[in-house]
Structure formats: C-alpha cells, structure tokens
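Right after this note come the structures.
Shared between the two complexes below is subunit A, which pairs with subunit B and subunit C, respectively.
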Partner chain A sequence: MTAPALDAPVGVDLRAPVARANPVAKLAVASLVAFALLLTVDPVTAGAALGLELLALPWCGVGPRGLLRRGWVLLAGAVPAGVATALLGVDAGAVLVGAGPVTVTEGSLQAGVAISLRVLAIGLPGVVLLATTDPTDLADALAQRLRLPHRFVLSALAAMRLFGVLAEEWQALTAARRARGLGDGGPVGRVRDAVARVFALLVLALRRATVLATTMESRGFGAVTHRTWARPSRFGPADAVVVAGGVAIAAAATAAGVAAGTWELLLA
Partner chain B sequence: MADPRTEPVAVRARARAWGWRHSARKAWAVRGVDLDVAPGERVLLLGPSGSGKSTLLAGLAGLLDPGTGPDDGTGDEEGALLLDGVPARTARVDGVRAGQARSGLLLQDPLAQTVLARCGDDVAFGLENHAVPPGRIWERVDTALAGVAFPYGRGHLTSRLSGGERQRLALAGVLALRPGLLLLDEPTAMLDPDGAVLLRETVTAVLAATGATCVLVEHRVGPWLDLVDRVVVLEPGGGVVADGTPDDVLRARGAALAAAGVWVPGHLPVAGRLAPAKIRTDRPDPGSAPGTGSTTADHGAGDVLLEARGVAVRRPGRAVSAVADVDLDLHAGRTTCVVGPNGAGKSSLALALAGLVAPAAGTVTARGRLADGVRSPHPAAWRPRELVRRIGTVFQEPQHQFVAATAADELAVGPRRTGVPEAETARRVDELLTRLRLGHLARANPFTLSGGEQRRLSVATVLATRPGLLVLDEPTFGQDSRTWAELVDLLADLVAGGTGVVAVTHDERLVEALADDVLRLAQGRPAPVPVGAA
Partner chain C sequence: MSTTDPRSNLPARDPRVVAATGAAAALGLAVYLVGLPASVSLFGTPLADLTLPAALFVAFAGTALAAAVLTRTTWRVVDLVVASVLGVAGGLLFAVWNVAVWPAASGALAFYPPASAVLVGVWLLPAVLGGLVVRKPGAAVYTELVAATISAFIGNQWGFATVWYGLVEGLGAEFVLAVLLYRRFGLGAAIGAGLGAGVAVGLMDSLIYYPTFSAGYKIVYVALAMLSGAVIAGVGSAYLTKALARTGALAPLASGRTAERV
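What follows is the complex of A and B.
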C-alpha cells in the first residue's frame, strides 16, 4: 500500500479498477468462474462466460498487447484440445467430415468447441490475476486476508525471488559445461546434459536457499508466531464489487447454458 | 512490541569454553573458545579457514540450535555463549519479542541476502518479524536506508542492484532492527574494489553513530585495521591463540597468519608446497608500455594464438552490446589482463574469447597451433570436445563448472571426452592432484570443498586437457593469500611453458605479478591505460 507499485509490465495498466483490487478479490473471481465452468462442458455456458470476461477486460487494465503476451499459452492449449476433441471425441449426430476412424460429427464438433471455450474462459481470469498482481501483494493478501500461514507464504515468496537469480546461473552453467567439453553427444547426449544441468542448478539453488534461510532467521523470521505487516492488505467495497462481478459472470453464463438447454451437470 | 529506544544498547558478548559440532560431523567446527567482548568494542576475528570463525558468528547471532534431545537440532554445543549474560539463542528470540534485535548478522553472498522484490519491503521484513507496529515501520526503514547512504527509494527493485548495493541494502535490513551487536562475516569478500570501499565506509559510519559492539571476520586485514580496536586469532580446534591490539597481534603472529592465508599488511602472500614462491620480477612495468587496447611489446612474445578484431558481445535478452570494438592479440607464452570497473563488459569479452558465445560483431579467430585440426578457425563454432582441448576456461564461480561426483572424476572428464587413453588420463589426474595439493581430497565431492580448494580444483580440471590458451574470469576473487600465491606460481609456470593466458580481473596485485599486456575496458569500450597505473 505504502510502497509504490512495480514498473507496469508491457500492455498492462495497473491503475485500472480490477487491476487495483485486492489480489484475494481477483483470486475469488477466477475461482468462481472456474467452479461454474467445471460443472458442465457446453459451448453456451463457456462462450457466455468468455464473452462477459472479454467485455470486462477494459476495466482489468490488460490491453490487447498485454493479453497476447501473457495469454498465448492459453490459446496454445485451448485450440489443440478442441481440435483433438472434435476429431477423436465421442461421435454423435450427423457426420460432417469422415476419413476412416477419424470423424467429425455434430456432437464431437460441439464438444470440441466447448472444450476450447472452457479452457479460455477458465484461464482468462488467471491471466488477468497474474498480469496485474505483484507477487508481494499477493503474498500479503493470502497471509492477511485468507489467513494462510505466514511462514509458508513468505518462504514461497522469497523462493520465487531466487528464480530470477537462477536464470543467470543457468546461462553460466550452460557456458561452463561447453567449456568442459560436454554437450555434443547427439540428441541423447543433449538430453542427458540438460538433466545434468538441471541437477547442478538445483544444487546451487539449494545452497543459496540455505544462506537465504539464515538471513531470514537472523532477521527474526519464524522466531515467534506473531508478526506485523508493513503493507496492510485491505479488502474494501471496491473489492466486494469485483467479487460481485465474478458472481455475476458465473451466474449469467450458467443461466445462458440452462436457457439454451445445453447445460448438463458433468458428474450427473 | 513498543518502540521505546531509538539507539541500540551495545551488547557484551562472552564465550566460556564454547564449542559447536555440526550434525553428522565427527570433528568440532570450533571448540574451547574463551572470549570477552566489552560493549562497544570492535573485534577482528582472524584464523585459517576451518578455524570456526563463521560458526562462532552464527553462534553469537543465536542461530545455532542444539535442540533438546540427542538427534534434535542442528548440532552439539558445549560451554556457553552469552549476550549480556543471556544465552545467545534465547537473546535472539527475546529480541524478536521486544521488537529490537540483540544482534544482527551480515553474510558474504549479496545475492542470497535479498529477501523481497522491493528495497523498502526488504528492509521492512525484519521489522515485521519483530512485530514493530505498522505505523512505525516505514520511518525506521527510511532511517536505515539513509544510514547506509542507499541511493534509491523504497520502491526500487532489488533485482536491479549491483552486488555492492545489495550488500548495503542487506546491512540496512540488519540496522533497522537496531542490534547492539553487529556481526560481519566477510562482508566484502564478494564485492569489487569500489563496492568494498563503500561498504567499509558505511560500516565505519554506522558504528560511529550507534556505538554498537562489532565482531568482524575478514581475511583481508589491512583495510579494516583503522576500524577495529582488537584482534582475536582462532586456531582450528585450539580456541583463541592470540588476543590483543591489532599492532601487538600482527607483530607477534603476522608471519604465521600470512602463511595460513590471511592477507596481512607487510607480508607477501606465501604459497604452499606447489612450487617455490617466485613472483616474477622480469616483467616490464605493466603500466609503462600499453597505450590503447592491446599492446604487444617484443619481450617474450610468442606466436599469436587468438586474434580478436572489432569484437562486440551481447548478452542474451539484451538489446545493447555489453562490450564492443575490441581488437586484441593473445600470444603463446604471454599473459594478458583485462581490467576495468564493474559493468565494463570484461566477463562478456572473456566468454567470446573462450569460444563460449559467438560475437555479435567482429571476429574471434584461432591461429597457429590453436587452429590445428579444426574445420572452422572460429572457436564459437567448435564442438565442445574440440574446444576443451584448445581453450580452457576458469569461471569466477568454481561451482558452475563442476560436473562429477569426486575431485578425481572431475579431473578425468576432459581427457575422457577428448579420447585420451585411460592410463594416460589416470596419470594426468594423479599429477594434477599432487601438484595442486588436492591428493587427500581425490574422493571428496567437489561441492563440499572449501573456497580455496574449489578454486584449485577448477583450475586443475581445465589443465587436464592441456589447452594452449587459458581464459580466467576473476581467478583470485575472494581467495586467501595462500591460494592466491599458488595460483600466481602455477600460471607463471604455464606461461613459461608456452601457454597463453588471458585473465579478467579486478585484482591489481595479480596484474602486477603476471601481466605482459593490459587491456582496460570502460563502459564496454577499450580505454587508454593511464601511465603508471595498471
């Protein structure tokens, strides 16, 4: 709260209302939408949820560039999953395209579309959460609002910071192994070499982590159960509005699916 | 929990026949220590590696926990270690409850002492753990940052800090807790010379302002002598063997300390059994000959091994070259030192010369016997096994280049990769183990060796394939004087035998001892070498 925000990442506006919301509120929206969509696999419910999410995007502070930069993994997962379902899924209804055992029918096409939309609709709130939330703020919120054990949350946060250091060490390890004459044994050798580098990286990370743990302990971490928070994580009316938005999306999407007759409880 | 005091109260530290043995170790890390440190005293703790200096500091910081049962805790303790009459461990926990730490500990690795992503949050971390009321935290954070002359605000990202800046941030994190006892464990060992000077000035100012007691471990004694008023020498397994004013202790024990690897003013570094100490005197003054970029005086110049022309190097993910416009000839039987401030692009240039990255512009070309038997004259295009026979690279961090489970296997990796017969490989391994005083460690895991042993092993692994050119990145960084002298002797022998050497270094003594040629870089470009300076 008191500390200034991190530099805004490309294509992201951290002053947008949803971006500014408490991370726990954003997490609640993502969970609500995911819960509603996990109940059913139908294109209308998932499509409606995705449509409403896209409509809400301008308030989230994630522009098209930011979305593409962070959301491409989602597309890379959703499209193949849908295509595979359409080709190989349980056939039903009229055959649209047929070639031997691989057929696309009305039923399998519908299922494929539903799968793709569902992955996108569940993933999008997560993309927004990660793009607009500083890990420190998320940790503050998880520990203060959700009462997760602070020792666990802060240890995870400190460990995350070490990842940046590891990226540089990976480059050094790669160069060092070439200098030792390793890494030219063909595909098998390369895989073996990569495994060895990962192992070396883990050893180095462990040693760093041990020193980091000593530093944290010497600054009083974990000595007593009570601690204060320099950045109070507050949950205000604006955050409640964001959560209400999540409830609305989940409810409206489910209602659309039920109205269209495509909604069907997955476990029933 | 309240915040009544504004200044730390200097702590009295006392050890009584104190000893500590880490879990699963047979030998005591430190034993039989009797020591009284009065409030406000500043003590420099000296001793050879393995004398338990760091363990004593960790004990004073209250971080060693013997637990309650035989297999509980992290080791065994004997005797007593007291801060103001209270066991150090209890004192630490009491300090956390009281909102004001009794002791604060600064370690040597800057990268491993940053806890959080923003500078302000990192300093606030300890205050939060000490349950300081949120309303008072930021004021104390600002005071602590100002106390170490920190150049950035609270919101600055810790990932953008240099090593020296990180170390000062870590010091601020310690000072924010207002410890009455400041414990410094080789705080400048991993800093470049400028960063080390700044940190020492900061510590001096902090101690003058707070009057805190200070116990310091350093093996470069000279720069700290003005700050400390007492020197205590520990002996492995022997407890305190000398204790007195810096003058008295260094006069009585200076030679012995220098032989044990401590950098003592007025004592030349002493090598071990490697070779007779012979820092070469037949060199031209490294500052007198060079003009701009590389210079090749006739003195002892052999054949050209590697030629760099207009070389620029770009690090992955960066748009701007780390270094550019470098012309350099490396010769058989000559040593070239690449010097310059942090961020000048020295290490990037070394990677390109070593064939580990392809230059972004210009060419690196092998000549003469270095180019024999390879299709391409450009080292970056060589296969790893071609490279390792021709160019040996020693990295700043020895651990990066360890790939085997024992020291002996580590030495055999290169010869085996290049098809050297097993009998010959075994012969080379034995020879190197003996020559670099590693024989007793042949079966040890490289990661478990001490810093000096790791450095010697990393150099030995490179020599095992008999490369014609050696590329060294800060080979003497953080080394004790004994390892330093051994490295200098070894490199001088290799150069006399016709090996070409290029060393990236901040170490002016190394330049003085070895350099035939000097290339000075500044802000990614070759810079003129000032006359009379190396």
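What follows is the complex of A and C.
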C-alpha cells in the first residue's frame, strides 16, 4: 500500500457488509446518490439523503474515527460554500442580518444550508468508497465487471503505484538541490525553487513511465487479445443488495423533497 | 515545434474521418436549431431548455467517438503508461489545489460572483497536456478522467461528481483536437483545446453549481472559463510540453520526436 489514500485503515472495518461489497456496487451507490442530489438544491432532499447515509454507516465499516480522518475535507468544502451562498447568494424573503450586497435573508440562508448539506451528502458515499476499497480490487472490478478497456485500467493502476516511489524521489530531489545550494533567496526564490522541483519531479515520473512501459511490454502486457485474470472479481446477490440500498437512499431522499414541496429540477 | 509528424501512422485527412467529424458537428447543430420539444416537460422543466446541453453533448461525444474509432491508431503501451502517469500527476495537482489554493482564491474573488471562473483553467490542464503529449485519439479524455478519479479518491469538496466533470471537460478538449484530426498539436491547437474544455466546464458549472446566477452572470462565467482554459490550460500545456520535450523525457512519444533540439 503506497498511495497516500491507502495508509493503514484507522477506524475502518473491512469485514463490514458494505465494505466487502464489489467496488462496482459501491461505485454505483456513489453515482446514484450524486445524480439524485445534483438534480436539485434543496435542504430536505440533501438532509434526508445525508441522514439515511449516516444511518447506513454502521454497516459500511467506517467508524467515527475513520469518518473524521477521511471526511474532514468534505466539511472544509461544505461549510465555506454554504456560508458564501448565505452571504452572497440571491436574496429572497425577510432580511435577517447585514446590509448592502452582503446580506443574509431567509431565501439565501435556506440555499446556504441546502448547499452545505448537498456537498456532504454527495461526498459521504465517496468517503466510504475510498476508505473501504483497495485500488487493485477497483481496477479488477472495472475491467472485469464493467468491461472497461483493461489496458487503460491496468495502466492507470500501475501509474498509481508510482505514488510512493515519487514521494521518495521528491525527498531525494529536495536534498540534492539543497546540497547544491539552490532554493534560497526570499519568497520569490522559494516559489521559483518549488516550480523547478515540481518540473523535475514530472520529468522523473515520465522517465519512470517509459521504463515501466518497456518492462510491462516485455512481460506481455498489451500483447494478447484475450486476457486472463489472477483475481476474479465477482458480483453476487450481496452486491445487488448494496446497489438496491443506494437506489433506496436516492429515491427516499427525492420523495422526501417532493413531499415537502422543496424539490425543484435545477437544469432550468 | 513542428505541427505534423510524418512518421506517425495517423491517416492524413482521411475522407471518412472528415465526413464523420462533420456529421457529428452537423448533428449537434441540427439538435440546436430544431430544438427539443417544448411541449414535453420533465419535472416541470420544458425539454426545450435542455437543447443547448443536449446539442453540445451530441457534437462533442459524436466527434470524439467518430474520430477515435475511425483513426486506426492504436495506443502503444508507452502511450498508455505516460498518459496514466500524467493523469496521476494531474490528480495530485488537483488535490493540492482543491485544499490549499481554491478555497482562499475563490473567497478572494467573491466580490464579483462569476469571477471565480478565472481559476477553472487549472482543472483543465491535464486534459490539454495529455492530448498534446500523447497525441492519440482519446488521450485528453483519458488523462483528465484519471486525474479527476484520483482527485475524487483522495477526497475533495465535490465528491464523486468530480469524475463526471472530468469526463465532460476532457471531451471539451478532445473535441477540438478531433476537429483538427489529431494532426495539429502546436500553440494554436493547445489554445483551442483549452477553449473547448473551458466551454464545457463553464456550461456545467453555470447549470449545476450556479443555477441562481442571472443570464448575464452566466455568460460572463462561461466567457471567463474559456479565457482561463485558453491561458492556463492551453498556453500552459503548450509551454510545458515544449519544456518536457526539451529534457528528452518524451523521446519515445510522437511529441518528443518532433521537438526541436536546442
């Protein structure tokens, strides 16, 4: 496990029913919920979806610690987006706070709450997918179950494995530049040094990529038209249940929004 | 940097490619001119309001598909792996950008809501860069899709929607490279691809994330997104490709073979 996204799972139980499901099933749930929520901005639909997702969490194997560790970035996005909408969004209804362009009204406050809830509800299934899925399993599932072109899927997987190597090279690069006395000279010099290091890392990554390609080709990658798989990816009844759960969350949230009269199609 | 590669096996102005590209663009135009039926409503929205996105989708997807299928160029393993690595690098760029730069920068631009569009070019960079470096049909879409998937996997504010965004942004850049029949990869083509991706992300954003903007704001938003795409993704990628080629790192690729040696 080398990618930063894959460090030792903290607060994650990989034996939970949803965590064990085929990655394609989890992907389907994340897509279904995101699709249902992208159609509308309303607090009832997003809130209902978020509530149902939180209720489902115990079966997903992601505990409170794991959720906090992996989901904080969602909060970092959701709260500012909601605050900005409440302050600067289209004003409607009674003015609650403020004057001039920066006002919080009933309309903009509702929109702000809706946007925050929506970001969280769309992001949470993604957090679970990320926390409980090994990239190798995902690649196997994408190529075998979704029938995506296997050469592309496996190349992307191979490239992801370069993560850890590149982190080491970044350290070496920094040390080498330091030894040569580069990277001094105030804020401007530091920015210039950072750009130079990023570019050098990109060059190193591309050199590794061409060597990796030669290695893969010499072992027969991309040569045969019929590929066999060391790790078969299966989609069973339990996976279908997980997908059905995603359909249920999307449908129930939409139904709640329609029943409350706040659901409104966005693409207008 | 010369714009054509005599050693590549891309069909030079193959009449079938020209015909298919024209047909897809014409089909998109036809959808736009005829319009979707206004009498049919979907959840209270007349379908006619979806005409523009539908027309764009038909034209983009049709052109990219037709060109990708008809150009008999197959991807070599080195093309695949290089595009993947560029995608992963783009995903890392997104991860840093989304957390360290975007919240503060977009906050600073909040005085004029559509102004945040000047920043979207950064998210389009992998699409144009992948297209320019690998020079294969589908390279822009694939690179952007990998970058967006990595970004979603690391975790960001927009969750899984990032993947669909990556697909559409990549198609926007791919469309322009396909219209140029994958024969031109210079500065002009790069700016065009950046503009194409900018149109795609501008329309997506103003429909999905900023539906409450007035029509004037939406037009400004799309225009600024195009500008940002052309400058950051277009000019930036052209410059980066040239610099990478000069190091020799692209030697096994079409873009490295045609680079001038200094």
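Heads up, the rule we're going with is that the second predicted complex is superposed on the first by the 258 of 268 C-alpha atoms of A that agree within 3 Å, B and C clash if a C-alpha of one lies under 4 Å from a C-alpha of the other, contacts with A are read in each partner's own complex, and residues count from 1 in each chain.
Here is the rule we go by: a residue touches a chain if its C-beta (ideal position, glycine included) is under 8 Å from a C-beta of that chain, and two chains touch if they have at least 3 such contacts.
Since we're looking at a predicted model, the values are computed, not measured.
In the superposition on chain A, A:173 contacts subunit B only, with no contact to subunit C.
When both complexes are overlaid on chain A, the residue A:188 reaches neither subunit B nor subunit C. Contacts of A:123 after superposition: subunit C is touched, whereas subunit B is not reached.
In the superposition on chain A, A:164 contacts subunit B only, with no contact to subunit C.
Overlap of the subunit B and subunit C contact sets on subunit A: residues 4-5, 135, 158, 203, 207-209, 212, 214, 216-217, 221-222. Looking at the complex, you find that subunit C touches subunit A at residues 42-45, 49-50, 53, 75-78, 80-89, 98-99, 103, 107, 110, 113, 142, 146, 149-150, 152-161, 164, 207-208, 211-212, 243-244, 247, 249-252. Residues 2-7, 134-136, 157-158, 161, 164-165, 169, 171-173, 175-184, 196, 200, 203-204, 207-209, 211-212, 214-224, 226-232 of subunit A are the ones that touch subunit B when the two sit in their complex. Those residues of subunit B that touch subunit A in the complex are listed here as 58, 61, 63, 92-93, 95-97, 101, 103-105, 107, 109, 111-118, 120-121, 124-134, 137-138, 141, 153-155, 157-159, 170, 173-174, 177, 316, 351, 354, 356-357, 383-385, 387-389, 391-393, 395, 397, 399-403, 413-414, 417-418, 447, 461-462, 465. On the side of subunit A, the complex with subunit C involves touching residues 4-5, 30-31, 34, 38, 41, 70-71, 73-74, 76-78, 80-81, 84, 88-90, 111, 119, 122-127, 129-130, 135, 151-152, 155-156, 158-160, 162-163, 199, 202-203, 205-210, 212-214, 216-217, 221-222, 264-268.
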